[in-house]
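Here chain A shows up in two complexes: once beside chain B, once beside chain C.
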Partner chain A sequence: MRTRSHEPIVWSLFGAGGVFAALLGTMLVLIIGILVPMGLGFGPDAMHYDSLRSLFGHPLPALGLAVVISLFLFHGAHRIYHTLHDLGIPASKRMMLACYGSAAAGSGVALLLAGMLVVF
Partner chain B sequence: MTPAPKTYVRPMNRWWMRHPAYRRYLLREGTSVMVAAYALFLLAGMVCLVLGETAFNLWRGFLQSPVSVIFHLAALAAFAFHAWTWFKVMPLTTPPLRFRGRPVPDRMIFRAALWAWGIASLVLLVLAMRFL
Partner chain C sequence: MSQTRTIMIECLRYDPEQDQAPHYRTYEVPFTDEMSVLEGLQYIKDHLDGSLTFRWSCRMAICGSCGCMVNHQPILSCQSFLRDYYPARIRVEPLEHFPIVKDLVIDQSDFLGKLESVTPYLVPAQPLTPEDGPNLQTPRQIEDYLGYAQCINCLLCYAACPQYGLNNAFTGPAALALLARYNADSRDAGQKTRMEVVNAEEGVWGCTLVGLCSEVCPKHVDPARAINRNKINSTQDYFLRFLAPFGRGS
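Moving on to the complex of A and B:
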């Protein structure tokens, strides 16, 4: 039986995560960490519990957030896995499991939480 | 059995000290640590949001702290550097693009990506100001 490489799958997830991080990451961090806390362009009630619960009670924003988190995690896992190899920690089956496994676990949690935000 | 010949193996210790390009490469790859860390930070926010108002106010209150501001400034630099380098290598990662039979120049792809970055950021900002 021919063994197939897992590389196309993880590269796609890495690439998609890279595109999301590049296009949206900067503004996401700027809004959440700088503009909202400092009240620049946002009122003092921005990002409060009630407004976020109602926003993420809709399936599309909840799923969107979970997908962004998941792709960021896979992007990080892939690059960390390969860069650790460059830094002298060999790319082994165990390292692969640790990197992509934790990304998959985090994605599962994110999707579960998104579901809970929509249902409850 | 003859012993294995002693071949020269180039030492790789501290290879990043040898050339500025190697350090830029490590810095670029290092942004992924911040991308993953930020995903975990958002995930923590999601957990708090599910747990309830008290838990979420802790997460929301942390945003107000100096530690959070420093973390976010570092994250901002990492994401911006990631975006810049990601778009820089885009001509190498996209399939060969053609426009009216001619190959699209690399700097056009880079410029289009920068425009996409700006437009996506603006759209996200407008949506956030409308819905947050």
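Moving on to the complex of A and C:
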């Protein structure tokens, strides 16, 4: 009897993070890195602190931001974990804890900060 | 008749009953444009050193017997031509990641066990007899598995797979592609029995999508695609079993 792998849990987070990275990541680079600085299609205030602060003061955008950050982190953690394995560093509980643990901790911080944006 | 030239073929030699460790021997082989690496090896065996041992059969990339490493790349020696390597010398070694029986012959037992573990045959939903007539399929139904059915068990994908090299508990590309081949067949009802192999750590989850298996496959089977599509099935199975713990198998 083979034991069932629990990898589907992290793999689905990795997959979701990958989709967000491919779709949202490129869009964010385009908007923040190119369009806004060049003044194309966005007003001069688009990236100002006040407008972003008021946007993420609402619960839904704040939660969305935290979720996207969290999925990015899990995506990166999963890649690093498997790349280390590919490089011949054997997979261990400690390495797993370091990779996914930091993604989980980062997600916690993101959620906490998103909560603070809404509350304060 | 094309012009004859001479190429140096460096072969790994190893006879476990006599040699302490594998070593290399170089042979000067005259060749013509139409000669494959396999024909180069056959020339060595027929004219230079009858003790050189290697597997071969069909000479036309169908039987999957003559796989070996040429200049560290897994290839079918019948499908690669000496003219493409000339004037450089070539180094011929047995397929990586497998124990050597003698010279270029590897021990395939590990793969054969894995092949058996994926139930690589049709499991009908009900027992059928010849009286039930032919089991018809539409062209579309054939298309679902035909690509995966091209596998000739040549093991180039196992020699290419770094995951199998790191940990040979991994079921590996060819066996998992054949698993997908039978699961995709409309005449088969054995998905449930194969799911245990899919779901295991050494099943599809042993793969990190390096993709070399698909690159080296001489029959364009694309095992990497087969394995990663089954990751989706395994993920569904992992979570959906909590929703429907009884009766759900695939």
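Please note the rule applied: the second predicted complex is superposed on the first by the 115 of 120 C-alpha atoms of A that agree within 3 Å, B and C clash if a C-alpha of one lies under 4 Å from a C-alpha of the other, contacts with A are read in each partner's own complex, and residues count from 1 in each chain.
Convention: contacts are C-beta pairs under 8 Å (C-beta built on N, C-alpha and C of every residue); 3 or more make two chains touch, one makes a residue touch a chain.
Please read these numbers as outputs of a predicted model, since none were measured by experiment.
Which of chain B and chain C touches more residues of chain A: that partner is B. Contact with chain B, but none with chain C, is seen for A:L28 once the two complexes are overlaid on the shared chain. Once the two complexes are laid over each other on the shared chain, residue contacts for A:T3 go to chain C alone; chain B is not touched.
In the superposed model, A:L13 makes contact with neither chain B nor chain C.
Of the two partner chains, chain B is the only one touched by A:P37; chain C is not.
Contact with both chain B and chain C is seen for A:G88 once the two complexes are overlaid on the shared chain.
For the contact definition in use here, the residues of chain A common to its chain B contact set and its chain C contact set are 82, 86, 88. Across the complex, chain C is touched by residues 1-9, 11-12, 82, 85-86, 88 of chain A.
Only residues 15, 17-19, 21-34, 36-37, 41-42, 46-49, 51-53, 55-56, 61, 65-66, 68-70, 72-73, 75-80, 82-83, 86, 88, 103, 106, 109-110, 113-114, 116-117, 120 of chain A touch chain B when the two sit together in their complex. Those residues of chain C that touch chain A in the shared complex are 162-163, 166, 196-197, 199-203, 205, 208, 210, 231, 234-235, 238-239. Residues 12-13, 26, 29-30, 32-33, 35-40, 42-43, 46-47, 49-50, 53, 56-57, 60, 63-64, 68-69, 71-73, 75-76, 79-80, 82-83, 86-87, 93, 113, 116-117, 120-121, 124-125, 128-129, 131-132 of chain B are the ones that touch chain A when the two sit in their complex.
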